[in-house]
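Before anything else, here is the set of structures, which you'll find just below.
What follows is a pair of complexes built around chain A, which joins chain B in one and chain C in the other.
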Partner chain A sequence: MGSCSATIGVFLKILFSIFRKAIYSLVLLLAVIVLNFLLLHIAPGDPVETLVAEMGGATPELIAQLRSDYGLDKSFPEQLLNYCLRMAQGDLGMSFTYDQPVIDIILGRLSATLILVLTALVLAVTTGTILGIMAAQRPKSVFSGLVSVISLAGYAAPVFWTGIMLLILFSYLIPLFPSFGMVEVGSSGGALDHFLDVLHHLVLPALTLASIYLAVYSRIARASMMDVLGSDYIRTARSKGLSERTVVYKHALKNAVLPVVTMAGLQFSQLIAGAVVVETVFSWPGMGQLAFESILRRDYTLLLGILFFSTLIVIVVNFLTDLSYRLLDPRIK
Partner chain B sequence: MKTNFMKWFMALWVVSMILLSGGFAAVSAETPQRGGDLVTGYAQFPGHFNCAIQSGAATAVPCTNIFASLVETDTNFEPVPYLAESWEASSDGLTYTFHLVKNATFHDGKPVTSEDVAFSFELVKANHSFGPSMLGPVDHVETPDKYTAVFKLSKPHPALFLVLSPALMPILPKHVYGDGQPIRKHPANTNPVGSGPFKLAEFKPGDYFILERNPNFFRPGRPYLDRIIGRRIKDPNANYIALKKGDFHLAMFNGGLRLKQIEALKKEKHLVVTSKGYEAIAPIYFLEFNLRKEKFKDVRVRQAIAYAIDKQFITQKLHGGLSKAATGPLHSSFPWYTDQVNTYPTDLDKANQLLDAAGYPKKADGMRFSTTLAWYPGEPDSMDTITAYLKPQLKKIGIDVQLLPPADFVSWYKHVAAWQHDMTMSNLYSWGDPMIGVHRLYRCDNQKHVVWTNTSGYCNEKLDGIMAAASVETDFAKRKALYVQFQEILTHDLPLIWTHEAPYKTIYHKDLRGVISSVWGACSPADGIYWKDGKTPE
Partner chain C sequence: MNTVNENTETAKPEKRFLEAWRMFASNKAALLGLVLGVLITALTIFGPAIYPTDPFEIVSMPMSPPGEELLLGTDYLGRDILAGIVHGARTTVLVGFSATFFTLIIGILIGVLAGFYGGWVENFLMRVTEFFQVLPALLLAMVLVALFSPSLLTIIFAIGVVSWTPVARLTRAEFLKIKEREFVVAERAIGATNRSIMWKVMLPNAAPPLIVAATLGVGVAILFEAALSFLGLGDPNAFSWGYMIGASRDFIWDTWWAVTFPGVAIFLTVLSISLIGDGLNDALNPKLRLIK
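Let's look at the complex of A and B:
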């Protein structure tokens, strides 16, 4: 009887925390939308004016007609209200740049960005952690110093420079990888061919994006591991006669990795930001490039749609980070 | 008998040798080979393919392959039969009768008829940014029978045949685009149906498009290429590498590359770099004065600045010889161009004298007055470099230039459209005929709060009269005489200082043939382009 009500209690507690998180997330989403709507409208100009740039000129009559077609001649509060109402119904509107529903454009590009960002994240976290752990085991060695220097170089170098350097080195001088795009366009082949093709195109952009954060994770892993290796239960494990390998990878790793996971969750949004530049350099057809363009073109429906999705992704990732805590550390409820 | 036989034999042998060698020559002369893909990188990517309602080179390049038009333009600005196999003009120049080919069909199989011509005319006139200037003089199109379209003009129109080319008036099927849906949101803009040499096979917005051969194209044997693939390439360095590697076979409008990179590509053995292909588009960069500002009202001030700007330095040093100095409002490739105008050879003393005479003496700090200079982003060689040069150069004659680096294009737009600017740099496409692309900058009645109109506020009634007369003058010699006056007046009045003609180059793989066949360059159908060996090299 007692344990039944206790289980229900725990269950309700978790449900309540999820509910609270959902409310926060909703408020966050709304704030992101309204704030950016405001910012984009404060900036001079509207999408029709960028259209004029493409067209190489236009008559005032044509411009007026375009403005009325796109609903841009309405007042600002009216436009904001219309947008929010439509969004509540699940309609993210039409993109001025592409004349297509925003949701179609984003969904077409979402997977490309996710592939890039997740691969870069996994690369940076795993490589960083492993290097950090190895450096922690030999704290004053040349190896440790080398890891520091190389990862710092990746962190300090502007990401577009790293991208272009990798392009020149491994796409032109030593033509190992393609220099743009996600797939070889116009080629036929089965699913496996397609998968390998994407992988082939993914290497350089993922490496570029990962290079920025390698430093962060390796340093955190190193510091955290050194800290953990000095604690009591590790001394106990060592005195029990366990091999160094077991001590490090079975007992210390789970605890040392917690700060890395925290950082990864926090930095995820930065990864998406970094993706903007990487996608531009490598013409990777993702959302980042789209976001940058939509600001320049004042394509507010597209930009808000992208921000909406990015916020959603960040929320999901934070949720997953929390979840992984519970898995890694049984002390956390 | 023996000598006669020998003579005959010799004669026969010689004749057959001649015939054979002639035959060899005919066979080894290149005949177009079918096959292969052409891959291009685009810095500016089209949002859709309907160039009837959207002007600009980005849309025009694929659009001119998907849609056909009444005529094409050759490399001498002369019309060439396309959907119209022949035509007649009435003696008063107000009626043009076009006879359509009878075997042209749209990609959905329906025939191309005069109804489609009339429909397309209405569509372009009403929706194209240059509709009024291109088709204003055309009142309506009559369709007496399926294959005859009669253009009825309200006044003579010397630019008519240029307007009827694929870049400006494509022929759209009435049964697709005339179904009542608003044309700007019509789904067939991204899923087009035309009668051109290629049709759209695949389109990923903002990423790439694939055009494939139209097997029922009405010109027999054409097109030669299997496919044209257009890829969006945002970073010029990536485009550069792709061209060097041979992943891309063609780049137009420099492909977004810097001039130094173009210079480097010239040395590549597998690439050809040519200035051809921009004769109709004829882009000119210029420095514009806002004549509403007190300091620029006196023509001597503007002329002084013209005497201070060293165009040779700009073209030879800043652009490494890759651009050509502009002398006036018309591009040197235009048939109406003249260089017999005041070109203001660099003379700083004269500039100083003119400014003194205009009532702007040097003050204690050596400066006469200050001014702002704006420009828009995306033109590092043709604007950023030049504005950076102008600041110290104009300081030499006592003008303090405050540079206004642009945040983005729209910010510049707002600044100039509001007529707030002192000076700005800009670029203008002439679009084939002065009445389409050039007049808009100088007409008294075209002072609008829109960029690329008469934002300088220039108004000269005599010039207006010349422009009006030239717009209806169909005799070439008379029209040229009018435009000579036009250039003389403008180079005296200097509402603008035309710095240089755009250093646009077309870069293509050396095994491609027939790349430039028109003054429209890449904005014309690619049905005559082929690979030397009939396949994509690699």
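Let's look at the complex of A and C:
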């Protein structure tokens, strides 16, 4: 009985902490909306001016009519409230260059960005961890030095340049991979063909995006693995006569990986930002390329919509990372 | 760091400096970084005088390969790549250092206030910090530069706004660490003002990790500037390495040199800064060195 109510108590505590975290995420989201509103106010030209310019001029009456249609004649707090309400309904405004609701344009590009970012994330976390662990096992070896050099180089090279260098090497000199886009133009195969086609296009952009984070994760994995390998429970495991492989991969790995995962969760916003550059280099049809295009076209409603939406993704990912932690490890408060 | 050590350190700062320098100088990678750094600094100061060719000017045949007419060739318009590298260094270094300075001002101010006052001030400032961490940095920088129209000033401003959070967190953490130490408590006991304790006593003691963070921050700022210029958001009047790569983006098949060399320049600059930063980290925070 006693242990049962204790379990319920723990469960309620976790539930409450999740609820608090959810509220906190919502407050963050509200802050992002307010920031967006302020930035939109700074942006040169309001929607009506843009519309009028598009139409090639309009009468003062029509302009006044449009201003009241857009709610621009209201007071500042009223406009802010209206803006928040519209955002809450998923209305991010109209893009005048695409003549479509911003949310529709972004949703059309979302899957491409997610495919790129998640592939790069998995690639960077797994490869980085493996490299870091191997380096940690022999900290004085040539291999360990090589990992340090790769990590330094990956950090110092600008992402877009890494991408261009990979393009020149593996798309031009050795034509292994396509140089732009996500699918072959005019391809009409089955689902499997389509999948392989996307995969073929994905290799270089994903490698490029992964390269920066690979550097970071291999460094963290190396440091944390060396830390864990020096701890008491590993000494115990070793003294029991377990093989080195079992000690490293069964006992140490679990604890050494945690900092890497934490970092990956924390850096998700940077990964999204990195995707902007990589998508631009490889003409990958995601949100990042859209951001680049919206700057060229001076479509600030669209640009701010992308800023809002990518921040939304980051907040959701942070919430989910936090949630999985709480469920896996009830010690975290 | 124990108390005895602390006393000798405060008594003879030049000895502490010498010790750090000896440690730095015994680090081969850090020295390599320093040599690279000195070369790049020399390039920024003397380069334009030694090689005065205007990087914007069309001086030769378009797309001439390196070594044919000019050492590093020309881009698709016939502009001299070497001139671009020499003159672009100034923009890179200027933006790198100014943006880092701006980053430090915001970060240190927020970190100091949060760490010193604690309570609701800390709570509020840390929430603001978390808010800025959620925003995708480069995307926000792009938005800011695009909205305020690209210039060196807006670029420096935007980089500062998106990259101060680690400095604030670090400063706060250092302040929390030394808040209850004897020398701070002693200052309080003799009636020193909050302002003097914060800035004259605590901040200098929190300096070593901040110096490392500032050094590495220059590298981050340079990468930001390069990315913004590459995306077409650079100052149109200042020639920069990122701009060169962005401008020749559509011609990478024909002029590989026009995109490769400026990238090498950025790479070497950031590499030099990272090596110096790592070396400083080992020299100034010897305790961390053992963990590494």
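Keep in mind that, in the parts below, the second predicted complex is superposed on the first by the 262 of 333 C-alpha atoms of A that agree within 3 Å, B and C clash if a C-alpha of one lies under 4 Å from a C-alpha of the other, contacts with A are read in each partner's own complex, and residues count from 1 in each chain.
Here is the rule we go by: contacts are C-beta pairs under 8 Å (C-beta built on N, C-alpha and C of every residue); 3 or more make two chains touch, one makes a residue touch a chain.
Since the model is a prediction, treat every value here as computed from it, not as a measurement.
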Partner chain(s) touched by A:L296 [first = chain B, second = chain C, both, neither]: both
Which of chain B and chain C A:L28 touches, first, second, both or neither: second
Touched partner set for A:I105, first chain B, second chain C, both or neither: first
Touching partner for A:G274 - first (chain B), second (chain C), both, neither: second
Which of chain B and chain C A:I115 touches, first, second, both or neither: neither
Chain B versus chain C as contact partner of A:V52, first or second or both or neither: first
Which superposed partner A:T311 touches (first chain B, second chain C, both, neither): second
Residues on chain A lying within both footprints (that of chain B and that of chain C): 43-44, 164, 167-168, 172, 280-281, 296, 298
Touching residues on chain B, where the partner in the complex is chain A: 37, 39, 41, 44, 47-48, 54-59, 127, 129-132, 182, 184-185, 189-190, 202, 204-208, 210, 227, 229, 231-235, 237-238, 241-242, 244-245, 247, 376, 408-411, 413-414, 417, 429, 431, 437, 440, 448-453
In the complex, chain A residues that touch chain C: 28, 31-32, 35, 39, 42-44, 152-153, 155-161, 164-165, 167-168, 172, 223, 227, 266, 269-270, 272-274, 276-277, 280-281, 291-292, 295-296, 298, 300, 303-304, 306-307, 310-311, 314-315, 318
Residues on chain C engaged by chain A in the complex (per definition of touch): 130-131, 133-140, 142-144, 146-148, 219, 223, 226-227, 230-233, 242, 245-246, 249, 252-253, 256, 259-260, 263, 266-268, 270-271, 274-275, 291-292
Of all residues in chain A, those that touch chain B in their complex: 43-46, 49-50, 52-60, 62-63, 66, 69, 94, 97-100, 105, 108, 164, 167-168, 171-172, 175, 178-181, 185-186, 280-283, 285, 289-290, 293, 296-298
